[in-house]
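Next come the structures, one after another.
Next, two complexes with chain A in common: one pairs it with chain B, the other with chain C.
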Partner chain A sequence: MFSFLTRTRGRGRFDLTDWLTWIYLFAAIFLMFGPVAWVALSSFKTEAALQEYPPRLLPLAPVTTTVEGHEEPLQLYRVTGGEHEGRVLAQIRRIGLMAQMVDPENPDERLQVSINDRQPVREFALATENYSRLFQRFNFMLYFWNSVFITVVATIITVLFNSMAAFALSKYRFRGRTVVFILIIATLMIPPTINLIPIYMVVSQLGLVNSPWGVIWPAVATPTGVFLLRQYMLTIPDDLLDAARMDHASEWRVYWKIVLPLSAPALAVLVILSVMWRWNEFLWPLIVLNRQEEFTLQLALNSFQGELQTAWSSLLAMTMLTLLPITIVFAFLQKYVTQGIAQTGVK
Partner chain B sequence: MAVVELEGLVKDYGDVRAIHGVDLRIEDGEFCVFVGPSGCGKSTLLRMIAGLEEISGGELRIEGERVNEQRASERGLAMVFQTYALYPHMTVRQNLAFGLENIKTPKAEIERRVGEAARMLQIEDYLERRPKQLSGGQRQRVAIGRAVVREPSVFLFDEPLSNLDAELRVTMRGEIAGLHRRLGNTMIYVTHDQIEAMTMADKIVVLRAGVIEQAGTPLELYNMPRNEFVAGFIGSPRMNFVDAVIDSTAGDFVTVRDASGNRHKTAVDAHGLSEGEEVRLGIRPDHIVVDSEGSGLSVTVGSVEQLGGESYIYCEAAEGTFLTVHLDGQTKIRRGDEARVVFRPEFTHLFRKSDGLAQRRLVVGEAV
Partner chain C sequence: MLAPVTSAASWLYAAAFDLFERPMLMLQKMTGAQRIAWVFLLPNLLIFSLFTFLPIILNFFYATTGSDRILLQDRPFVGMANFASLLRCADYLNPNSCERDIFWRAVYNTGWFVVLQVGFMVAFSLLTALVLNRNIPFRGFFRSVFFYPVLLSPVVVALIWKWILQRYGVLNAALEGYGLPVVNWLVEGDWAFFWIVFVSIWAHMGFYTLILLAGLQAIPADVYEAAEMDGASKWRVFSRITMPLLMPTMVVVLVLSLIRAVQAFDEIFVLTGGGPGSATLLILQFIYETGFAFRPQLFGLAAAASLLMAAVLFALTLLQLRATRKSAEG
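Entry: the complex of A and B
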C-alpha cells in the first residue's frame, strides 16, 4: 500500500508528472469530498454554531460555566485586550458595545469589557443530540422504513422484469424483435417531466396514490436496464443455452440457472443504479405520497425546510443518515460497476 | 438405445433451403458420422435431430416415434458441443449433475452416476474445479461426461475435437471410440475431418449443400465412391483427377485418352459410355507408379515432401493437370526433375463429366 502510494514516475524522485498527478488528485478530492465532509462536520454542530459567522469547519461549541449568584450557565470568554487582558471571564450580559463580565473565581466583582476585546472560549463538542432528536421527536424510523421498502421492492422487481425482457430480446429470434427493442430505447428520449401527468392519472385511477406501490410500479420498467442487460446477455454464448436445453432444462430454468447467474456483473450494475434512483428519487414521491406516514426520507428531509424557518441541525443530521445506506451499497458493489460497464460497453 | 430415422427432412431459413429432404436410417448402436465441407448443413442436420433447430418439413423418428414437435429438453438425447459449452459458473460436479437435477433424479442416484462417469473419464480429481481451471482436453472430457451421466438413448457430437491440438485429438478419438464400444449407444458425430470419419464410423454420411451424396461404411465410400465429390472428399491426400475422353470400350477395360494423348486403361463397367465422351479419370496418390524408363505420362516435379517413412511428390503434367504421388520410403527425385508415371488400371475410378457420377468398378484393387 505504502509503496503503491509513493510510487513515482521519475526514479526515486518526483517527476513533473508526479507533481501534476498529486495536485490533480488532491484537487479532485477537495472538490468532491469537501462539501460532503463539511456537511458531515456541520451535522454535529449545534444550532447556535451553525448560525455563527464566519462559519467554522470543526464543530466547536462555546464553553459555559455556572457562576455563583447566576441561575443560567454563563458563556466563557478570553479577554484579548484592555485592562483585563489574558483573563478568562464569564459574560453576564451585553450592553451596547460593552459586556458586563464576571470572574468565575470571584463572583462578586463585575467587570466591564469592550466586546472587541474578547473571544469566546470554544471546545470541540459533537452535538449528537441532532441525531438522537431525529429518533426521539421525529419518526425517523418510519421514513427510513418507507424508503427502504420502496427501494428494495422496486429494485427486485426492476431486476426481474428487465432481465426477462433482456433475455427475450437477446436470445430469442422473433418477428419484430428489433422494433420492440428500438421502441424501448426510444422512450429514453422522452423527458420524465412529460410523463409525469399521464402516469399520475394512471396511478390515481388504479388507486395507488398515497401507497408505496404508486412509487414502485411506474419505476420498474427502465429502458436503461433493459439495454444494459441485453448488451451483456448478447455476450453469453448460445451454445450454453443449447447445452442446458439438451440437459432437459425448461426455458424458465435456462433463464434462472444459466442466464441470470452469468449476467451477475450487469445485474450488479443495475442493482446499484436502481437503488440510487429509487433512494434519491424526489419529484415522483412528492407527487404521489401526500400523507406524512407514507413519506420517504427525501420527502421528510424536505419537510424540515419550512417556509419561514429551517431546522438546519436536524436537516443536516438527516442528510447524513440518508446518504449512509447508499454509500454502503455502493462500497460493496463498486467493483462490479467498473467490471459491468467495461464489459457491456455502456457508459 | 434407439434407431433414428430421418424421412425427407427439410430445413428452410426464410427463402433459403439449407437441407434438401434428407432420408437416412441410423441403426441401434451404430456410430454414424456426418462429414462434409463447411456449410454443407451437417451441423444443422445434427441440431435438427437434437431439437435445437426447428424442422421445416419431413419427419424425424426416434425409436419409431415422431419427435418433430418435441423440444430439445424432451427428446432425451445428449449432445457434446464444439465449444464444450460447460457452464462457467458451476463446478465440474455441478456441470455433470445439472441435467439429472432437471429431471428430478434422486440425490443418491445423481451422486452415483456422476462418480461413475468421472471415474470412467478420469476426471475425478477435479470435480470441484470450475471449467476455467481445466485444460482443453479435460474440458472435453467433462463435456463428454455431462452427456454420459444422462445415459441418453442417442449421443450427438458436434465437431467435438476441432478445438484440440493434433496429438490430443488422436487420443480423444480413441477415447470416444472406446466409449462407444463400452456403452454401445447410438452415436451421431459431425466432423469435417475425413480421418476422424474413417477411423471411428460404422457408417459415414457425406453431405454437400444439404444433400446426402453417399452413405455407407468407410471402406464402401473409399472403394466405391458414388461420384466425384465423394471420391475427392474421402481419402487423404485427396484423389487425383485427370480430364480425358473415352478412347474405346472394348474388352475388360475401358481405355481413355488424356489431353496429351496418353492412353490409360481402367477396370470399370463400360455400360452407358460412348466413344469420345468426356470423362474424369480418378486415381489415388498411392496407386500411381513412377516408371523411370517406361512410357506413361510425363510430369515435372513441383515439390517433394520427405516424411522419412514415406514421400509425396507434387507434380504437374501437361495442360495444368496436377498430380500427387505417394511413394514408400525415401526418394531421390528432386524438385524440377522430369518423370514418367503410370496409373494402375485396377485402382482407377472413372467419372462422367456431365453429372460427376462414377462408373461401377469391376475390379477393386485395394480390396484384393
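Entry: the complex of A and C
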C-alpha cells in the first residue's frame, strides 16, 4: 500500500536521503499549514476558551446549565474524586479550595467538593458568534467592500493601461519607442517605498487622501505588467494585424478584438499578480487612508489588533475571513499562480 | 454558477469596446495609423510621470528642505542639513552617540536583518527546491505547501504568529508541557528579533523556492545521466553539476531577496511595531514614522533617509545587472 511512498530515483530502495526527504516534507506541512490551522481552530472558540491556558486543540466550550433557584447559568463539572465521585454537578461558587456545588436534579441540596476533585464538562461547540459579530458590530462588510473595490478597479485599470502601452511598444515602430521602453523598465529599479513622501504630496494635491482612488492610481502603471505583456505580444505575428487592417479595422479594433484575446495567458498572469498585490497591500493604504470608514481589510485588521489587545475572538475570525478569499483562489488556480510567478520572477 | 459571471464579463468587454471605438477612431484620423501608438501609451505614461518620474525628482527637493509643510513652496531650503542630521555621529558603532540615534538603530537592525534573513532564507529555499526536485509523489501538493504563505497578506501573517507567540500562546503551552522554560517572545528584544527574521522567512521562502525549482528543472536531464554513467558520487554531482548550473538563478534569488529585505516593513510593523523599544525597528519603519506617523511630520528627514536607502538599493540592482550579464555571457 505504501509502495508509492517508496518510489525513488529508479534505484528501488528506500535509503537515508529518502527518509530525510519525507521527514522534511512532513515537518514542512506542519510548519506551513499548522499556524493557519491553529488560527482557524482558535477562531471558533469562545472568548473564555481563548483565555484558557494551556489552550485546547479543539473548540471545546465548558457546559453550563440553569438550575432552579439560580439566576445565572451554572457551569457543570464532573467530580473525579472524594465522596461524590462520578456525579455531574453544577458549581454555585468557589470558596478557597472548596467548591460549593449543586446537583441539577436535586437543587435544594448543597454539596462541598474539593476544587482538585472536579473537571469541567465540555462539549464541542463552534463559537460562530465570533463571525456573526463581525457583521453586526464591526462593520466587516464595509472594509470587505473597500478592499474588493480597490482590488477590482485597480486590477481592471492596471490590465487596461498596461496592455495598451504594451500594444504600442510591441506593434508599432515609432521614434522614441526604445527610449520609452527603457524608461519604463528602469522604474523597476525604483521601488515606490523610496518615493513615499513626494507620491503622498502628489496624491494630496490631487485631493485623493482618504479616498480609495489615492490607493488605486499611484500603482496602476506597473513596469512589470508592461514588460510581461510586451514580451508576450511580440510573439503575436504582425501578419494577423495587417490582415485585419486590410479589412479596414481601426487600430482600436485591432487592439481590442485581436491582440487582447490572443494575449489572454499573459493577461491572466497579470490579473493574478495584481489581485494579490492589491488585496495584500499595506504600507501605502496605511499612509493614504486615515479615516476608519475608508479602511481596507488589512488596515482594519491592523487597527483592531492595536485597539482591542484582548478581543482575540473577533480578531481571529476577521483574520480567517481575510485569508479565505486568497486561499480559495489559490486552491483553484494553484497551478496558474505558481506558473505565472515562476515565469515572471515577481510577486 | 459561473455562467452569469462570464456572460456579464463578455457583455462588459463588448460594451467597453463600443464605448472607446468612436473617440479612438477620431484620434486615429487625427494622428494617422502609426502615431496612434502615442495615444495607446498615453494613460500609462501619464500615471508614470505623475507617480514615478515626478516623485523621483521631487524627492531631492524634499530631502534638501525643512519644516513640516507638505507643499514645496512653503518649505525653506536647508541644503544638506537633513543628511548631516542623519549622519552626525560621534561614534558610528554606537547609535547612542548619534544625533538621530533611532535612525542608526534602524540601520543596524536592518543590516542584521538583511544578513540573517537573506542568508537563512536562500539556504532553506535551496534545500527545499532540491527536495522538491526529487522524484517524489504529490510534488505539486508539496510545492504549494511551501508556497501558500507567500499569498497571505503581511497583516494576516503577523497576526497568525502573534497569536502563537503571545505569552499565553500555544508555543509557550507546548514548551511548558515538555518542562521547558517559557519566554515572552515578542517582549524580549533578542527573541523578538529572532522571530521577525523567522516569520519573514516563513512568509517569503516559498517564492524563492519556486524560482530555484524552476532553475533546477531547467538543467537538462542528460547531464545527470552522463554523470551517473561515469559513476560520480551524489555530492560530486551536486557540487560539480547542479550548483554551477544553478548559479545564475541563485544570483537572481540572492539579489531579489536582498532588495526586498532592505525594504522589509509590513509583517514586522504589525508583529512587533518595531519594539520592544527599538529592537526590531527597520529603516522603512523609521521613514514611515518620521514622515507620516509622528508629529511634527519631518518630511525632509524622511526623504533624506529614503535617498540613503535608495542608494543602497541602487548599488544592489547594479550588482544584479552585472551578475546577470556575467552569467549570460559565461
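Quick note on the criterion: the second predicted complex is superposed on the first by the 280 of 347 C-alpha atoms of A that agree within 3 Å, B and C clash if a C-alpha of one lies under 4 Å from a C-alpha of the other, contacts with A are read in each partner's own complex, and residues count from 1 in each chain.
In this text, a residue touches a chain if its C-beta (ideal position, glycine included) is under 8 Å from a C-beta of that chain, and two chains touch if they have at least 3 such contacts.
Fair warning: this is a prediction, and the values are worked out from it, not measured in the lab.
Using the contact criterion defined above for the overlaid structures, shared-chain residue A:Arg137 touches neither chain B nor chain C, since it reaches no partner. If you count the residues of chain A touched by chain B and by chain C, you find the higher number for C. In the superposition on chain A, A:Ser250 makes contact with both chain B and chain C. Of the two partner chains, neither chain B nor chain C is touched by A:Arg291.
Contacts of A:Leu240 after superposition on the shared chain: chain B is touched, whereas chain C is not. Of the two partner chains, chain B is the only one that A:Ile258 touches; chain C does not reach it.
Of the two partner chains placed around the shared chain by superposition, neither chain B nor chain C is touched by A:Arg93.
Overlap of the chain B and chain C interfaces on chain A: residues 245, 250, 253, 257.
Against chain A, the residues of chain C that register as touching in their complex are 16-17, 20-21, 24-25, 28, 33-38, 40-41, 43-45, 47-48, 50-59, 61-62, 70-72, 127-128, 131, 134-137, 140, 142-156, 159-164, 168-170, 173, 176-177, 202, 206-207, 210-211, 213-214, 234, 252, 256, 259, 263, 265-266, 270, 284, 287-288, 291-292, 299, 302-303, 306-307, 309-310, 313-314, 317.
Residues 237, 239-240, 242-250, 253, 257-258, 261-262, 264 of chain A are the ones that touch chain B when the two sit in their complex.
Residue ranges on chain B touching chain A, taken from their complex, read 47, 50-52, 71-74, 77-79, 81-83, 85-89, 98-99, 102-103, 146, 150. By the touch rule above, chain A contacts chain C in their complex via residues 4-5, 7-10, 17, 21, 24-25, 28-29, 31-33, 35-36, 38-39, 42, 51, 53-55, 160-162, 164-165, 167-169, 171-174, 177, 180, 183-184, 187, 189-202, 204-205, 217-221, 226, 245, 250-253, 255-257, 276, 279-280, 282-283, 286-287, 298, 301-302, 305, 312, 315-316, 319, 322-323, 326-327, 330, 334-335, 337-338, 341-342, 345, 347.
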